[in-house]
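Labels run A, B, C and D following the written order; every chain starts at residue 1.
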Amino acid sequence: RVHGGKQLNLTAASMAKSRFEYVKTFEQDFPMLPNTYLVVRVDGRSFHKFTTEHEFTKPNDTKGLGLMNDCALSVFREFPDVVLGYGQSDEYSFVLRRSSNLYSRRASKITTGIVSVFAASYVYLWPKWFLTKPLKYVPSFDGRIVAYPSDQNIRDYISWRQADCHINNLYNTCFWNLVLRSGMTEAEANKALQGTQAAQKNEILFQKFQINYNQESAMFRKGSILVRAKLKQQKQQQQQTAPDVSAPMVDSVPSASSTPDVEILHDDVIGQTFWDTYTILQ
Amino acid sequence: RVHGGKQLNLTAASMAKSRFEYVKTFEQDFPMLPNTYLVVRVDGRSFHKFTTEHEFTKPNDTKGLGLMNDCALSVFREFPDVVLGYGQSDEYSFVLRRSSNLYSRRASKITTGIVSVFAASYVYLWPKWFLTKPLKYVPSFDGRIVAYPSDQNIRDYISWRQADCHINNLYNTCFWNLVLRSGMTEAEANKALQGTQAAQKNEILFQKFQINYNQESAMFRKGSILVRAKLKQQKQQQQQTAPDVSAPMVDSVPSASSTPDVEILHDDVIGQTFWDTYTILQ
Amino acid sequence: RVHGGKQLNLTAASMAKSRFEYVKTFEQDFPMLPNTYLVVRVDGRSFHKFTTEHEFTKPNDTKGLGLMNDCALSVFREFPDVVLGYGQSDEYSFVLRRSSNLYSRRASKITTGIVSVFAASYVYLWPKWFLTKPLKYVPSFDGRIVAYPSDQNIRDYISWRQADCHINNLYNTCFWNLVLRSGMTEAEANKALQGTQAAQKNEILFQKFQINYNQESAMFRKGSILVRAKLKQQKQQQQQTAPDVSAPMVDSVPSASSTPDVEILHDDVIGQTFWDTYTILQ
Amino acid sequence: RVHGGKQLNLTAASMAKSRFEYVKTFEQDFPMLPNTYLVVRVDGRSFHKFTTEHEFTKPNDTKGLGLMNDCALSVFREFPDVVLGYGQSDEYSFVLRRSSNLYSRRASKITTGIVSVFAASYVYLWPKWFLTKPLKYVPSFDGRIVAYPSDQNIRDYISWRQADCHINNLYNTCFWNLVLRSGMTEAEANKALQGTQAAQKNEILFQKFQINYNQESAMFRKGSILVRAKLKQQKQQQQQTAPDVSAPMVDSVPSASSTPDVEILHDDVIGQTFWDTYTILQ
């Protein structure tokens, strides 16, 4: 009968499968050390090209940053063990609570799961932020995972990224004003800023462009912090320092998807106040 | 002067950054062993739910598989070191040539890079395959990387996945015909198939549903193989076995993005012919 | 000239060496996570056979344990970053301070270095403890390294080993008295003890052999703790609990090599007192 | 009753043990990739000091090298999966067959097991080679493990170590003759040899010291190779090249422990002959 012509092949397939299954033993899992904070940092690959081709505003594109924050919200929605997020430029860091047992703490599962949600969300949410502007090609991201053993270590990690944001944003604000408003070439702007201290960059901005750097948008200067609202300490609220009102961010763009339990802040995380206000560490 | 009010903070930021930078030393890289084939396997997370919510045809959705293949083409486009792809169901494996030095062979960079492109492409290419059907939420994928030292090992890996495809697809074809055409519940269908051999499943398909399993679509039975066209051996062409015409795949769906140098096959990869035809291994 | 006959070979050797040097890139280092306590545990391999062939006293051989402690002292002498040692039976654990940068924290260097010193010392110090009894063959040991992130974790690790010592030693004390003094076979003794609780084992010892277990040697019951004397807190000394005098250990064997700065204790490490007395953790 | 005074403590110990056992989950195993050759290289730590303090003959101490070979034989005796050893100076490499499943290929178990046997044997066998000369302190060794995927890779690894031996030994032979027979300081000898090619070093040896380097002991020039005799190919024997008779090694020292199935050679391993003679690779 015709239909039986390859029955043997299928029985063979079953036998074959068990013959081939040994290849599974080549898989090597790297579980992350228990009782440590896990950070997954997602970084845009070739985002210089991507932002140029999609004509992002320089040095900061508010919609582009809003989209990044929105992608981070997707990660919060999908992974309940994420307690803190910090984003700036084309990168986003996610902190998992130290007792997390997500995927038995397997490095590759956690990292690829988060990167996958972030990257897919970037495409999915693009129209919400950029409306009819076409997405010419898919952006891509890489990710890494790092374990931090102590509260101080994880605070220092987040502080490191915010200090990096401070430094880069001041530089970029000068650089792009020199290029776009003073007509310098990129090479000339680079040279003009070489070796300058923070104070000198401030001075350039003020003298040449009447920009008071500290009144720039807090999101640009400090990046974005995502925290679960339930981690906010009730008793602490009255002790909180006054909110940073120097640069109230008036969103001319759609608000991020409603996810009632996550707050988006643009506060200082190097000092003590933030860590007193939210019980991230425990 | 007002604008200088936080100059100290910025100088402090620079100092802070170098104080915090020690956290970088906590990063641990796992470079994959040189001179081995690297396989990155991308797996859909919770795809049972995803395909149900998006009303995919059971047991196989031609458009859904076409979209997976299209995502795989994106990976081929982005990562020239990928020489072979194999996809079935909600998974896709990518083989990097053994001499690849992509990202200095760092496990997390390679894995997240590929997963990221795959996941973002799934959303990006969705409308091309599903037209106006809305994508309700972003799918997500995880990934892992495995090193295979020998030619035989990598062939056995690919054979393992194809044998898995054979077995699952025969089962699923029976199962869904019993459910959709015989009115069984899923539990009844499961029970009816428990312990059956391949031959018995063939018989069920033929007797009850007049289905000759071997005439089912080759893409369903054998999965999809992606190879770079330049790896096709010229001298071998005349020796090739006759193409598998048992189930000519007539695409009623848009063809995958034109990428002239990659071929999509639905051939047997357990036997010798495929490996004689394409010089994947070297 | 004769002597020049193989000059080419030697030049070739230099050239060859650089041609072969690529194999160095296959080495994979696993640095241990910074800011964690590192524990190297050394375990005797096939010590049941070794102790039988060398006629060790059962259940505990005072000279054998003294030799183990002496080997541990060698490790303390060689590796200043070791702050705590705990030994029982044929195993010894060594704790490195959390800030240690020994060998850049490379797992294999630290582990093999410690195992090597321990194993070589066992042979070297054998005659000091066993005098003219010949060492029939070399004992061997394996080792592993584990990172512990918090003070509680490292305390729990040490407590785990001491609880293990308690349980095994009570069992072994019963077992060997039943075998050596009641004439049971090993199988009979095993069976007699199956399922007994600690209280019942105490009762057996007291009723059958007039042994008050709590007056057995503290070294047998609690294992041996090595600490650097300089870690003893001066101010704490008067607060210390009375020393464990239940089983004063009168050494009829040579004392361990004089290493003035290391103390050998047989105290409880599960409770708080020990950790208040010595500042191991910081 | 007195004897029951601490019964509770012992029950507590059992309970405690299960409370503490979680620390076991912090252990991370690194299994070596299957189907690869595994090399464990043992290196003397601080052997410059060790050989000086024990007045080893420079540049080569025949007894010292004999002792190293004897230690390697112990490793062969203890670990049947070791198929090849290569030693020179204060280092020894051991190759495990690619199908080995020793300790489930766990890196730390294999590495520490071999290092432990090697280090303990060094002390144990010392009197056999150095008679009444006292061993002043224990030598120590570190070890590492590396996986090599292909036959060529493992051949290149062994060739790399032999090329290293060639180069170092020629240099050291010149250096020590300049110091010991020409009265140069070590600094002067170093300077005299700086930048010299192999041919020039040969010339120095011949002109100044009437030494034909190629007639130096093969063990010094080529190191020591240990192979299991059963791996010798019978059919190949008549095709073998003439043995290296340039420097017949007449042992004035005790022969290594009789282990009938292991051969100690001082042959070239860079060329093809050795690999045709012994079926190490398979």
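Everything below uses one rule, namely that a contact is a pair of C-beta atoms (placed from the backbone, for glycine too) under 8 Å apart; a residue touches a chain by one contact, two chains touch by 3 or more.
Everything quoted here is computed from the prediction, not taken from an experiment.
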Set of chains adjacent to subunit A and to subunit B: C, D
Subunit C on subunit D, rotation in degrees - Cα superposition, rounded to nearest 5: 180
Farthest chain (mean CA position) relative to subunit B: C
Between A-C and B-C, the pair with more C-beta contacts: A-C
Inter-chain centre distance, subunit C versus subunit D - centres from mean C-alpha coordinates, in Å: 27
Centre-of-Cα separation between subunit C and subunit A, whole angstrom: 46
Where subunit B touches two or more other chains, by residue: 26, 28, 30, 33-35, 147, 153
Residues of subunit B that touch subunit A when the two form their complex: 1-7, 9-11, 13-14, 16-17, 19-24, 26-28, 30, 45, 74, 78, 107-109, 111-113, 115-124, 135, 137-148, 153, 156-157, 159-160, 163-164, 166-167, 170, 197-199, 201-202, 205-206, 211-214, 270
Interfacial residue positions of subunit C with respect to subunit B in the complex: 25-26, 28, 30-31, 33-35
In the complex, subunit A residues that touch subunit C: 33-36, 147, 149-150, 153
